[in-house]
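Chain naming follows the written order as A, B and C, and within any one chain the residues start at number 1.
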Amino acid sequence: MFKFIVRRIIQTIPVIIGVTIIVFSMMHLVPGDPAQIMAGESAPAQQVENIRERLGLNEPLPKQYLSYLGNALLGDLGNSMRSGRAVTDEISARFWVTIELAIYSTILAVFIGLIAGVISATKKYSPQDTIIMLIALFGLSMPNFWLGLMLIQWFSIGIDLPNWFPFINDTSWFKPSGWGSFQQIVLPVITLGTGSAAIIARMTRSSMLEVIGQDYIRTARAKGIKERIVIYRHALKNALIPVVTVVGLQFGGLLGGAVLTETVFAINGMGKLVIDSIAARDFPVVQGTILVIALLFVLVNLFVDITYRLLNKRIDLD
Amino acid sequence: MKNNTSKEYENILEINHLQTSFFTKNAEIKAVDGLSFTIPKKKTLGVVGESGSGKSITSLSIMRLIDNPGKIVGGEIYFKGEDLLQKSESEMRKIRGNEISMIFQEPMTSLNPTLTVGQQISESYITHQELSKKEAKQKSLEMLKLVGIPSPKKRLKQYPHELSGGMRQRIMIAMALACDPDLLIADEPTTALDVTIQAQILDLINELQDRLGMGVLLITHDLGIVAETCDYVAVMYGGQVMEFADVKSLFTHPKHPYTVGLMKSIPPHDRDVEGDLDVIKGSVPSPVEMPNGCRFAPRCPFATDLCHQKLPNIETDSYGNQIRCWIYSDEWDGDPEVNVHAKTTEGTT
Amino acid sequence: MQKQQKELLKVTELKQYFPIKGGILGKTINYVKAVDGISFTIYEGETLSIVGESGCGKSTTGRAILRLDEPTSGKVEFKGEDLLSYSKKKMNQERKNMQIIFQDPYASINPRQTVRQILNEALEIQNVVPKKERNQRVIELLETVGLGEHQLDRYPHEFSGGQRQRIGIARALSVNPELIVADEAVSALDVSIQAQVINLLKKLQREFQLTYLFISHDLGVVRHISDRIIVMYLGKIVEIADKKSLFKNPKHPYTKALLSAIPSTDVEKEKQRIILGGDVPSPINPPSGCRFHTRCPFATELCKTEEPKLRRMDMMKEGHQAACHFIETVEANEKQPIL
């Protein structure tokens, strides 16, 4: 197991190098002179030249990359064009907001997805199964920015809601924007988690159905143990193995989905930072944020692989 | 805990006219169709048949583990004098793994890959004898010793994939025998194993049967295994028992043309067969289009119009041996001197 | 008898090792020694069988001969030409002389092709029959294996297991091969169907002077179909003999145990059964010396250190060889089995 983890970590190194190359070349893939674009079309030549000088854009490309990589390793991702603050500071101020959003959404998605998937599988072809799978299909096909807007419309500002919750003093149940309080968190988490919940539900259902057809489930039933134990102890544990992979991939997807959700709910996270920086042509910030998100993605995948390995006893042989 | 107050009974298992069908949108597939046999206390019954004969469905019917779209549609299954088909699901659960246990063909896939051997055996004790985890573990260890597993303490903590096929089948046996059942159903327990390992496992089952005094229902396609390990045999074809007899009678004087044909088509390893093997022509009928008369009539070299039109009844002789064939009835309309042992090959392909 | 026969295929010191990857960098850390230096000859027109339990290397041998997996080392001579020295292209052409039939015919035929297409394709690839005559040839082939012209345009799933195996045989026959490797070809079939296919294989051998390498774990089938038999254990040949000699006078303790382990339908004969303890060891680190010593009731210190060679004793029939240090002792049964 230890060997596996070490090997898996070593394997991520080329991936990380690849990510940095892609992020680095983004600036050079933009048509035209990056310095001119950053400065704006009508900027005086001297200002463009200053930018070029400051960012080292007149050096040869490999050298630029190496110094970028070296700085990145030391935790220096450059300074924001807009605020002049270090990119790392800009990101760290918003990092946890996005992580919180993604984690809460994942928890919601796993919770709902697993329960729905298990019910669907154990009651195959029943009305419950049909309804759950229809809802899942709907959840899967809704774009999350649209769902976000609808939720705001229905549960926040659009209609007068009856005052069911004594602890909420506002006229609306939830707040349409911001992050931090319970009232602010609920809607974005639902917005971001719904699609994943649907995918996890479908995956759990098909995985459970496959496992329930296995010989060892028949063995468990022939032992006379209760159906509930057959499902949760014998079937679910095996069915989770492929689901874990999907959850991991979904978490990565949520980081990307956060860009839209944060914009819709005006949450000051990394996603919104990217959008705002693109609009302001703040390239160092865009680069830095994307690099951080990509690294997170790699880390999550590493974590998923290790979990997968722990769950799946059969591949632990070598 | 076991219910020891049940009625007096002679046979550990007695099945009468069992019918198990599978329902598709527009058809009823009769997988088991009017099956009857008995297993006396502490005896072994071998059920032989080719694929599609309904032998595995029979065993799952006894356990009442037939899943949708299958259903037991008729008959009686008396276990220790009580009809299992009248039991509720929770009563059945107390019987499964406790009074009737089962081992399956594929030791590779019949154990749960994510639970340790110890966890899987303990489960039986925890469920049926309400033992604590620790007590259950101790009992599991004793069970592993009983089935002859080397270094049993270590095995308890291992996962099934760490063990060989023969070891896994021993684990299955340990699990099945944990609660000292009165009936063990073994569905092709050695088919997936090599012959030298098969010999070990059959030996073990025989030895434990003597020691624990249980009845055994052994399902197999291998007549050799039946001859060496069983007291009685039921030969199944098309969801019915064609012939039921004690082992010695069946192997020395097989009566049903199917039994005879089956025996002749197996090349023996202990003597030479000159020329071609005798074959049963045609192929096993699909359960969707079962013949109306005798199930075996389309392949039977002796079949007459009567055989094709009418299902023969079960005839029982004075020894209790049974046969379902028109040749042995008063209504037989073919050659009265017919010899079912005559060479029957018609063309070799 | 074999002396006058012509050698068709000669295998010398054939080895097939499969690498095991592992470690931090995924290097090859060890090998599965599936076949570890075996030599034998197949004569024209005979049926040579290889028997043994799972993991003994019998199927690997069949695949290595046809170069379906490239052997690690050794020599495979077909009519005097070394197949292992052929280029891939030349080998493909040479395959029209040697065909293989598998256990599961369904896995080896394209489920989306009709029988006509399957057989036509085989004829086309090896180009043995002119285009105009192909259709006629396909019908002939089908009739040869006991199927009818009316079944030509059906798909594999419309046939039963036995019929599919017949299609597999027809395809193998289509190119007029001299050698057919049958890898557990009848093992998955029900006994009543198995007998039909065995009879068919024997009939075809008579009609087309075929040579069979018949790989099976079923000793009854092997006894019926073979002329000579090889017994393998853990990648090595432990005994080789003609059928009569092997079944009447097995010399190697493993062969003896194997034969005695098969349940017999003869209820009147009392039987002495040798039950071997333990499992077959792993072919990754096979036991030293004689590979069977861990389970052999007769094993001594010598068996643990020195590997026995295949040899023939005076009391053994011509062509009968066994790889055991103690053929005489085992024969005389001087030592009591330690069980």
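Quick notes
Everything that follows uses one rule, which is that a residue touches a chain if its C-beta (ideal position, glycine included) is under 8 Å from a C-beta of that chain, and two chains touch if they have at least 3 such contacts.
For clarity, every value in this text was computed on a predicted model and none was experimentally measured.
Two chain pairs, A-B and B-C, are compared here, and B-C has more C-beta pairs in contact (counted per touch definition above). Among the remaining chains, the Cα-based centre furthest from that of chain B is the centre of A. Rounded to whole angstrom, the centroid-to-centroid distance between chain A and chain C, based on C-alpha atoms, equals 55 Å.
Measuring from the averaged C-alpha position of chain A to that of chain B gives a distance of 54 Å. Separating the centre of chain B from that of chain C, both taken as means of CA atoms, is a distance of 32 Å. On chain A, the positions that touch chain B within their shared complex are 214-216, 218-226, 233-234, 237-238, 311-314, 317.
Of all residues in chain B, only 50-51, 164, 166-167, 194-200, 202-203, 221-229, 247-248, 251-252, 261-270, 272-273, 276-281, 283-284, 299, 348-349 touch chain C in the complex they form.
Interface of chain B with chain A (complex): residues 63, 65, 92-98, 101-102, 104, 106, 109-115, 123-124, 127-128, 159, 161, 172, 175. On chain C, the positions that touch chain B within their shared complex are 53-54, 145-146, 160, 162-163, 190-196, 198-200, 202-203, 217, 219-225, 244, 247, 257-259, 261-268, 271, 273, 275-277, 279-280.
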